[in-house]
Amino acid sequence: MRAFSLLLLSCLSAAAYAETHRLRPAAGHPTFAVRQPVLTVQPGDVLESESLWGEWYEKASGKWPGEVGPIAIQGAEPGDTLVVEILKVRPNRDTAVSTQGGSFGALVPDEGTAMLNETFPRGRYIWKIDRKGMTGTLELPKSAAKSLTVPLRPMLGRVAVAPKGEEEFGGLWPGNFGGNMDAADVREGTTVYLPVFHPGALFYFGDGHALQGDGEVCGSGLETAMDVAFRFGLLKQKTIAQPRFEDAEHIMVAGSARPLSDALRIAFVELIGWLVADYGFDKAEAYQVVSQLAVIRVAQMVDPLYTVVAKFPKKHLPKK
Amino acid sequence: MRAFSLLLLSCLSAAAYAETHRLRPAAGHPTFAVRQPVLTVQPGDVLESESLWGEWYEKASGKWPGEVGPIAIQGAEPGDTLVVEILKVRPNRDTAVSTQGGSFGALVPDEGTAMLNETFPRGRYIWKIDRKGMTGTLELPKSAAKSLTVPLRPMLGRVAVAPKGEEEFGGLWPGNFGGNMDAADVREGTTVYLPVFHPGALFYFGDGHALQGDGEVCGSGLETAMDVAFRFGLLKQKTIAQPRFEDAEHIMVAGSARPLSDALRIAFVELIGWLVADYGFDKAEAYQVVSQLAVIRVAQMVDPLYTVVAKFPKKHLPKK
Amino acid sequence: MRAFSLLLLSCLSAAAYAETHRLRPAAGHPTFAVRQPVLTVQPGDVLESESLWGEWYEKASGKWPGEVGPIAIQGAEPGDTLVVEILKVRPNRDTAVSTQGGSFGALVPDEGTAMLNETFPRGRYIWKIDRKGMTGTLELPKSAAKSLTVPLRPMLGRVAVAPKGEEEFGGLWPGNFGGNMDAADVREGTTVYLPVFHPGALFYFGDGHALQGDGEVCGSGLETAMDVAFRFGLLKQKTIAQPRFEDAEHIMVAGSARPLSDALRIAFVELIGWLVADYGFDKAEAYQVVSQLAVIRVAQMVDPLYTVVAKFPKKHLPKK
Amino acid sequence: MRAFSLLLLSCLSAAAYAETHRLRPAAGHPTFAVRQPVLTVQPGDVLESESLWGEWYEKASGKWPGEVGPIAIQGAEPGDTLVVEILKVRPNRDTAVSTQGGSFGALVPDEGTAMLNETFPRGRYIWKIDRKGMTGTLELPKSAAKSLTVPLRPMLGRVAVAPKGEEEFGGLWPGNFGGNMDAADVREGTTVYLPVFHPGALFYFGDGHALQGDGEVCGSGLETAMDVAFRFGLLKQKTIAQPRFEDAEHIMVAGSARPLSDALRIAFVELIGWLVADYGFDKAEAYQVVSQLAVIRVAQMVDPLYTVVAKFPKKHLPKK
């Protein structure tokens, strides 16, 4: 990511007077789409805000509060790449909720994989969040282990730009615009790169998970509201096809499709393209090297498209 | 795995006079099947041997040397579980080979996913193995990074019992009998559990990889011969449906199917069943807990069936 | 479909003064969405119109003309079923166009099934349409058969209502709202049933194919503009989950998903539910009978979701 | 198929003294594999025999009787194509059995698509066969239609050669060797072409279905024993990759894979290759023409691999 990083630095240095914006979101949106921005920021600016808490978190039949945004990034044009440094993702409530069963989840029939048999019973689990100790605790009344306390790993399920063209995807959808990727890599310290399809990019976020296992197999993580902070940047005239992430250890690509095999293919084809375009790899040699060093995270296998994250270790990237 | 471990200990204590066998394999077998054993061992015994080197490693058109075995474990009966502690997996050659392209690999049309277009060019890459430093080096003449040196993580692509019934699967197949799972978790320090379908279990092994990335996307790891050592055990009348692994950190299940979504489902359904049967979890509560804590490895997406390993952290298992 | 038919008759008899509307569409829409209707009709009314011809049909880089609509059906409410009798689908041009290759089609890598290798060359084929003889002719300069003349079977690739909620799907998408199902059964003499998600239903149509094989494997049929006529009806408070069709021989359900296996499951689960709800079948007995008598059409395997049509022969439905 | 037909004729004329063999099978085999032939025939010879009836047909826990064979065809060598004209497939019993539910079938979780929820109840349905009228009748005590009588369409679920190499597939498997394709096109009047992998080809048959719907979604057709007759031929040094069929109307290819999308791809890639190799089509033009004229049968979506049959109408093949 050095090529990216250098460009980003130049953006940031240009942003000598970078501002910090504070946004207290009122109501969320149920879809990712082109809309009037709630805020416009400059590249280099920081946004401090929070993801939404709502009825869904309070009761079984409650409505999902929706996504926050869109935030317009001044100067973003189709063909650019939006850079979002995630400075903060921290739970701001004392409970988190996970639901399972019904017709949602990787291990039960769902709307995509319909079946004749009875589905798995619905369940709603309330986890207690210790924000100081950063742990979550669940009572397990029916199990030998009567309760379980585990460390949290807060993340954002959804970061997105407005999708290409006039399409408007519901909040459950991931795709090349980002969206509901439910990737545990979208956390503090990670930089997210998203393709820009519309002027201003129109950034959305939401769906905090205090913790989530790989695959999110039951259909939800420890869902709760988060305090968040982002720093925005732009890579002008740098076009990417799929969402990319970068943290201290890896460069990563998120591919979303059904079945899972196809999500993996999308992620790897883009990752190899990245190595070729930005790191001077021959395509066939990149294929060989990626095959020996890649790390794969199955982000989720429950949403309308499944998401796989293909990672390459930065320590094995050539110096530039 | 404490339930397992206790049973295993009792096996081992019975094996007060455990022997160490040394097997220098002559020729390998092209399939996993019921055959006359090359060696019979007692539970508790140790086997020191090596995986096969052959023509395949020497030239592009060379024949695969096949798998070593079968080893019969005295007293193993259908319905039991074979326990294989992996004591050693170490490269014993100075080169390793990886091939890619043609009609094999996750990112090109293959025999399962046929397409009309031209396929990716075949490539054959010779990695230099430093056995002392435990690194591998590949020349990259066409790339900016003219070469790459990386740490090795030796593993066995294939550990198997003879498949159920009269079926006889070629060496490329994984399945509930183990086989060509190409799971990087099958390495020194891991214990492998396999269902027993035939008297003696009839254990096979082979296909050493000095290194392999998740997904093995190009179709092969750093293929080389390995010095190996195993200690065998039996869990009498303990029946499992899919291969299980255990190391210091995780209990794991390997599921094999196409597409990848179905491999993941098989692995998780068995993992949840394991938590219910051996760790006192209620099924719905196990589903919830697994969803928040699971780690997934996509072992490979290139063989006739793809393999996913679902892992649960041992530190969050209840004490027993 | 007798339950349906009776209700429909009562609709129609109410429509004693059924009108025939003529709509010459100006410009089409690129998505299926809630929009201001271009026309409002009563149940029982007939619409005579045509699907759009545009740049796409004239040149390789031409823009798709979009879908005609939406037509509002007075009195349609969420939870109802929209009934569309297809009275006419006839080509109104002397040429039809089919394109193939690139990154679209069932037999090449596409946006959903990305691969590393070079894709299949793009091709653009102009078929000559004989509207009197109802045949199509293609020159085949590179083949032994220097040309091919075949009978036409005109159909509409797209019939839709506005999708549920605020989602807005591009014209290539099929789904439970109908859309780009590319089902050859959507032709003269067929009645289409679509779930109503918004007041007025908001009906769209377009994408005429003078001919299309099962699976539409190259990605397009013989695309041309069509003269069309529809008669609209409503089944009040009759809720269906997926698009249904009915012709002289079969009742049918269209299921759309990736991979194709899941599209088939959706179609059959809905078909069995239909037999249970409207024809007095026990669920298990319906499963048995459907398994012995079903006819399946793979409508298309090229769009963002694939479409399978599951059919049951009307002659084996119980009399009511 | 003219190229084929001419070759076949020359085979047959060579067989001036063609024999008719009668084989009353004793016991069947549970796998498709290389075995000592039960009979050796000459190209041009006719075999009259029957598929096996056994315990499975009599009671719920009964064992499957297995496949008849292998029949060796004198002179068949690897790289040749075996030709099997199906002269007769007729039920020879007064009942047929279909089972459903449990962990087998397209619409319930199965061994390949495991799920957490309870599966669909098992059912066993006894159909009454009228061999004169060629109809089947099922009582439907729980449905409004108290019974159903339908015309039979007898077929063979399994025709196979011994699979390549040393692999040995259980009777439920289809593949490039044929096997359990459950294709309704394998019926009286159809010619089946199978690749030869071993000297003598080693032909197997079994699994008669008096009737079966597309997809065989519940997991079984109207299973019963059949009187059969075949005429064998050979296409020397004609190599095919997948099973092919031919009847009065279509040339066809059967592709077997999971998911269903991949079975379809295999069938079409082979069908287009056939048009190119034997009918003088340019590959791109064949792709175009197949896309407009193909007929697809989803043979079954229940076996370890799913089977799709891609058909091209013979009336649109060029004259040769």
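When the chains are written out, they are named A, B, C and D in that same order, and each has its own residue count from 1.
Heads up, the rule we're going with is that a contact is a pair of C-beta atoms (placed from the backbone, for glycine too) under 8 Å apart; a residue touches a chain by one contact, two chains touch by 3 or more.
Quick caveat, the model's predicted, so the values are computed rather than measured.
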If I average the CA coordinates per chain, which chain comes out farthest from chain A? D
Could you tell me which pair, B-C or B-D, is linked by more C-beta pairs in contact? B-D
Whole-Å gap between the CA centroids of chain B and chain C: 48
Cα centre of chain A to Cα centre of chain B, whole Å, reads 32
Centroid spacing, where centroids are CA-atom means, of chain B and chain D in whole angstrom: 35
Which residues of chain A are in contact with two or more other chains? 107, 113-116, 120, 258-259, 262, 265, 269, 272, 287
How is the touch graph of the chains shaped: line, ring, star, complete or other? complete
Which stretch or stretches of chain C touch chain A in the complex? 30-31, 33, 112-116, 165-170, 255, 257-259, 262, 265-266, 269-270, 272, 283, 287
For the chain A and chain B complex, residues of the former touching the latter: 98, 100-101, 106-107, 120-121, 123, 125, 136, 138, 140, 142-145, 148, 150, 211-222, 258-262, 264-265, 268-269, 272, 279-282, 284-298, 301, 306, 308, 310, 316-318, 320
For the chain B and chain C complex, residues of the former touching the latter: 107-109, 113-120, 259
